[in-house]
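Note that the chains are named A, B, C and D in the order they appear, and that numbering of residues resets to 1 at the start of each chain.
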Amino acid sequence: MSAGLEVRGLNKAFGGLTVSKNITLDLRPGDRKALIGPNGAGKTTFANLITGIDRPTSGEIRLDGRDLRPLSAARRVRAGVAKTFQITTLFKRLTVRENLRLAVLERERRGLRMFARADGDPAVEHEVAALLDQFGLLRHADAPVESLAYGQQRLIELALTLALRPRILILDEPAAGVPSSESHLIVEAIERLPSDLAVLIIEHDMKLVFQVARSIIVLVAGAILTEGTPSQIAADPRVRELYLGAAHG
Amino acid sequence: MRRLTKELALATAAALALAGGAWADVIKVGVIAPTSGPYATYGTQFRTGVDTYQAIHGHEVDGDTVEFIWRDSGGVNPDQARSHAQELIIREGVDYLAGFTFTPNALAVAQIIDQSQTPTVIFNAATSIITEESGFFVRPSFTLWQVSAPLAEWAHGQGIEEVVIAVSDYNPGIDAETGFRTAFEAAGGTVLDTIRMPLATTDFAPFMQRVRDAGPDAVFAFLPAGPPTFAFVKAYNDNGLPGAGVQLLGTGETDETTLEALGDAALGVYTAYHYSPDHDSPENEAFLAKLFELHPDAVPNFSTVQAYDGAHVIYEMIRAAGTDGPAAIEAVKGLEWISPRGPVQIDPETRHITQNVYIREVVRDEDGQLVNREFETIEAVPDLGLVNDY
Amino acid sequence: MGTLLNILVDGVAYGMILFMISVGLSVTMGLMRVINLAHGGFAMLGGAGVHYLGARLGLPFVPAALLAIGAVVALAVPMERVLYRPIYRMGELQQVLATIGITFLMIASVNLWLGSTLLAIPLPDAWSGTVDLGFRSLPMHRLIVIGAGLATALGLWALIDRTGYGIRLRAAVDNRATASALGIDTGRIFAITFALGAGLAAFGGILGAELLPVDAYYPLRYMVHFLIVVAVGGMGSITGSFLAALGLGILDTTARYMVPDFGTIFFFLVTILVLALRPQGLLGRAA
Amino acid sequence: MSSSASDVAPRRPLLAGRGLLWEAVILAVGVGLFFLFPYDLGFLSRILIMIVFVLSLDLVLGYAGVATLGQAAMYGTGAYAAGLIAIHVTASPLLGLAAGAVAGAGIAFVSGLVLMRAHGLTLLMLSIAVAQVLQEVANKARPLTGGADGLRGIRMDPILGLWEFDFIGRAGYWYVLTVLILVLLFLKVVVNSPLGLSARGIQESPERMRAIGTPVYWRLVWIYTIAGGIAGVAGALAAQVTALVSLEVFNFDHSAEALIMLVLGGAGRLYGAVVGVAIFMLVEHVAAAVDPFNWLFLIGALVLAVVFFVPAGLLGLPKALTGLVRR
């Protein structure tokens, strides 16, 4: 039994269609792994299997040796597996501060308390302020999320997920839709993530992947094609063909 | 709150009067009735009845002007009925209350009129218990026992031995059911089946099937006037019950406001009720003449005449006791008069009206209009059902 | 056995009325994703129209009915354009409120126009006879209702399955954005469908007036019934509406025959059960 | 504003001083109305009770974003519970209120188990169906409820043993006003609590709430239960003040009107419920008096005008309108 997420022989079929084939991988504290692959390779399905939105047909998912499969999506979040969304699904009409406060309170399982002020606990407020500071959001703390630029919303997305204090963090296309002029904000934010956090980045943007990942897993047609360091992957002819082919197609 | 009107009148009144509160005054009567919503017809009928009474008998009683003040109760809304009653009594300073189409609305003011000693004349609400809830209630309308029990006795006398009872599943329906059953069984008849139909239903085919299956001589029905009665009578015909020899017996199903809509389907239906505009008497003739003079388009029915008689009761109370509530109630006990519906009396015990109940058949009159033609009279029927354990 | 057949026939007739009135509602709700509580109002307007033309102006039934349906459709088109277009874009709650407001206006209009009493619809004499089917004699009227219901279902099926309009309609129900991208004029589809639905409701309202008598408060009185058919059948599904209307009609009728005392409770409990098990309705697609 | 020191506030009291402005205004207006309209206390009491009822809907709809048409189920259950307790157990008004709250919450919890799984049209239909079933049950339970005649024989003891319910409705008015203020304060605490924040979160994005580990379904059931308790209090108040409960407490119209009033004032704001009820009932009162036959035109037009010309999201009317009303 070891710390981190262990996935062993994961399969998922929708009807007759197999979308995940015998996936095995580990995520250890401090890992910065990326999951890449062409459209339809099964990246999102894989993320859904880990977070509990979908159930695997067979295979094992363990966190610190504990079987995650019986846990609902919400329970897995509490167990320490969190994921950001491709398309931001923030609480748009709440302020940035309220978004983060909500996440912290839910993590602390205080969501049912009705005879206390939501903003009444200095410890929570302190943590929220620290998160705002970490992501450079202090200036916008009391503005509704919907009034902010998209790049900033992605940062809030990240901060919100981090507020859950996950041990396994899955970033689903963290830079999707962010103009290139703002993408450095995302890179910086990922680089500043706690060093003991296990991070899996699912991303199309190769530039970003090569900037932040220390290990890259290539998924094709639901199965792992190869895994290696960025330089190994960059040199792999199969991956080159896959991406060049995809680019031509 | 009451304002003094004419000084002269005051002087003469003072000289004449011995009975209580003898100023020349405006005596106000608050009427709480539905004037909006699906039951607005009741309000219209009440107003027509009261208008007609005042047109015939004048707006003054012994020099006091009688003024009716109307408040809309909507449908069944006891909260609103109660707050209207409060407002009428304390702001408008009414000495009498009247109206009330629905039982809950009437019951909701019981405690108020007890405390304020306001005589309250029920124009319609027909559950027996009402007059027990407060000694200040007087009811010149009717109860369902009052009409359904005589119908049962009459039907048995006509050779009808077996019946099915089909009523809407709410208190007035249960009252009618109990009244009919009690009298019918007492007379020696048999009730084959009792069907309580959901109040909101308007598709009666399945119930008619049940009736057919039981094969009775007659089916006694009670439903709230409006869409349900219309659909019921239609279903009775559509399902071939007249052909199967099942006579339809009812009470208010052939009410004049829905009769034309029923059309020929209603012909031959027997009902027992306390008033038909077709009633043949000089009092009724005078009443209708004035009514049509005032409201040429009116379709008078039982609620019109109930309001007319209600106005009469109020006038008589004012004549006897002015604004003294308890005295007015005492005075009205045993009051007798000839109503457009026939000779009537306020029962001193129950403060409910004792009246003739007529057996009628739907026929086309000389002008081709559908009418409820009375052909038999059961005289001086009191409120027969004071209690009902549902 | 005979009784069961009888109940079945009555239930089917009742179901057909529910189907004719509700199917337009289901399709528009599925198509425009709009919660429309005012749909029963079109059925009432149809009935009120025939009452006015037939009972007050003395027109024979068939021309009166055709005129009334035409009038309802003619009214529905500008209503769709002016009132409903903005409503499509609103949130669910606003849709509920706006259509309640429209319902109130319809009630108030008919109330002002024809009063709050029952509006009788004079049917042709030929309809009031009975037909001997062997096991029972059935009112002509029920047979006509069942026939009209089946014809409506078949006609709709043909329309949806066999015509260009139907193809475009199905595409728009499936995915509005894609349909527009393919050059389908969804606005036109909406307008036609809405008018068709209103016309069908008017037709059902007129034919069903013996079972669901028409008065000014009709839209509120029967609103829940129509909406339950849509919810149980699944929004946007014609077959679903048909099955739901038929099923609920038979269920309601049977319950009233077998356990008249508890018919209403039974009906609503079954509805709750079905919707609890299949929130998207029998044939609706999961959200 | 942007310094992180000032962002961390010391532990705040549950109800902060300036935040009570609205409650103080409502209390002042309530007291003022008593003296200005001594003849209309019955009507005014009905408005206050309706506000309590609409507030309960506000918690579900305005905060958690769940649109139902069956809030009358809890109101009616609370009314019957309070009435039955008064007749058979104790005539103490406060215990009756407690009974109404418990009964309303209970029925909300049980029905919420089914309702809170559904959305959209299905939810609307289910919520209507629940109220209809309860109405029919109350109709069938005639020996207990009096059926269509109404539950009669309610005679309340003096409030706290001190103030008798009088026929002018003075004691009733103070009683209802007091309960309303308490309910407002309670709700104010609740909506500012972690629970209230999570309700708003659910309204904004149920998916995201799940993603941050919230059991959304159970949270909604809980919120619905609390709201049901408040609706039950409203029903209990009506039962005690009117001293009669009729089957119509479960009417669909009741739920629908509450919805209209809430959106009229502004959902998602407690004072929106207050303003909405006051305006709607006043308009209805006046319109029904002026033209009882056609006032539905006005109500219909009013509803449409609100929905069309005050374009609002689920949060209800923009500040513009409430600001206008506030003056």
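What we mean here is this: a residue touches a chain if its C-beta (ideal position, glycine included) is under 8 Å from a C-beta of that chain, and two chains touch if they have at least 3 such contacts.
If you're wondering where the values come from, they're calculated on a predicted model, not measured in any experiment.
Which neighbours does subunit C have in common with subunit D?
B
As a test of understanding: of all chains, whose mean C-alpha position lies farthest from that of subunit D?
Centre of mass proxy via C-alpha means gives A as farthest from subunit D.
Per-chain C-alpha centres versus the global one: which chain is nearest?
Central by C-alpha mean position: chain D.
When the C-alpha atoms of subunit A and subunit B are each averaged to a single point, how far apart are the two points in Å?
Roughly 74 Å separates the two chain centres.
Compute the distance, rounded to whole Å, between the mean C-alpha positions of subunit A and subunit D.
Going by mean C-alpha positions, subunit A sits 42 Å from subunit D.
Please tell me the distance, in whole Å, between the geometric centres of subunit B and subunit D computed from their C-alpha atoms.
Chain centres of subunit B and subunit D, defined by C-alpha means, are spaced 37 Å apart.
Just the number, please: Cα centre separation of subunit A and subunit C in whole Å.
49
Pull out every residue in subunit B that's touching 2 or more other chains.
40, 169, 198
On subunit D, where are the residues touching two or more other chains?
Touching at least two other chains: 136, 140, 293, 296, 313.
Two or more other chains touching the same residue: where does that happen in subunit C?
Correct list: 261, 264.
Give every touching pair of chains, nothing left out.
So, checking each combination of chains, I get A-D, B-C, B-D, C-D as the touching pairs.
Subunit C touches which residues of subunit D in the complex?
Its residues touching subunit C are 61, 67, 69, 114, 117-122, 124-126, 128-130, 132-133, 136-137, 140, 252-253, 256, 259-260, 263, 267, 293-294, 296-297, 299-304, 306-308, 312-314.
Where on subunit D is subunit A touching in the complex?
It comes out as residues 1-2, 4, 7-12, 14, 189-190, 192-198, 200-201, 204-205, 207-216, 219, 222, 226, 313, 315.
Would you tell me which residues of subunit C are touching subunit B in their complex?
Subunit C residues touching subunit B: 3, 6-7, 10-11, 13-14, 116-120, 122, 128, 130, 137, 139, 141-142, 210-213, 215-217, 221, 252-254, 256-257, 260-261, 263-264.
What residues of subunit A sit close enough to touch subunit D in their complex?
Checking each residue of subunit A against subunit D gives 51, 72-75, 77-78, 82-83, 85, 89-94, 97-98, 101-103, 105-107, 110-122, 125-126, 128-130, 132-133, 138-139, 141-142, 160-161, 163-164.
Which positions of subunit D touch subunit B when the two form their complex?
Residues in contact with subunit B: 38-43, 45-46, 49, 136, 139-140, 142-143, 146-150, 152, 155, 166-169, 238, 241-248, 288-289, 292-293, 295-296.
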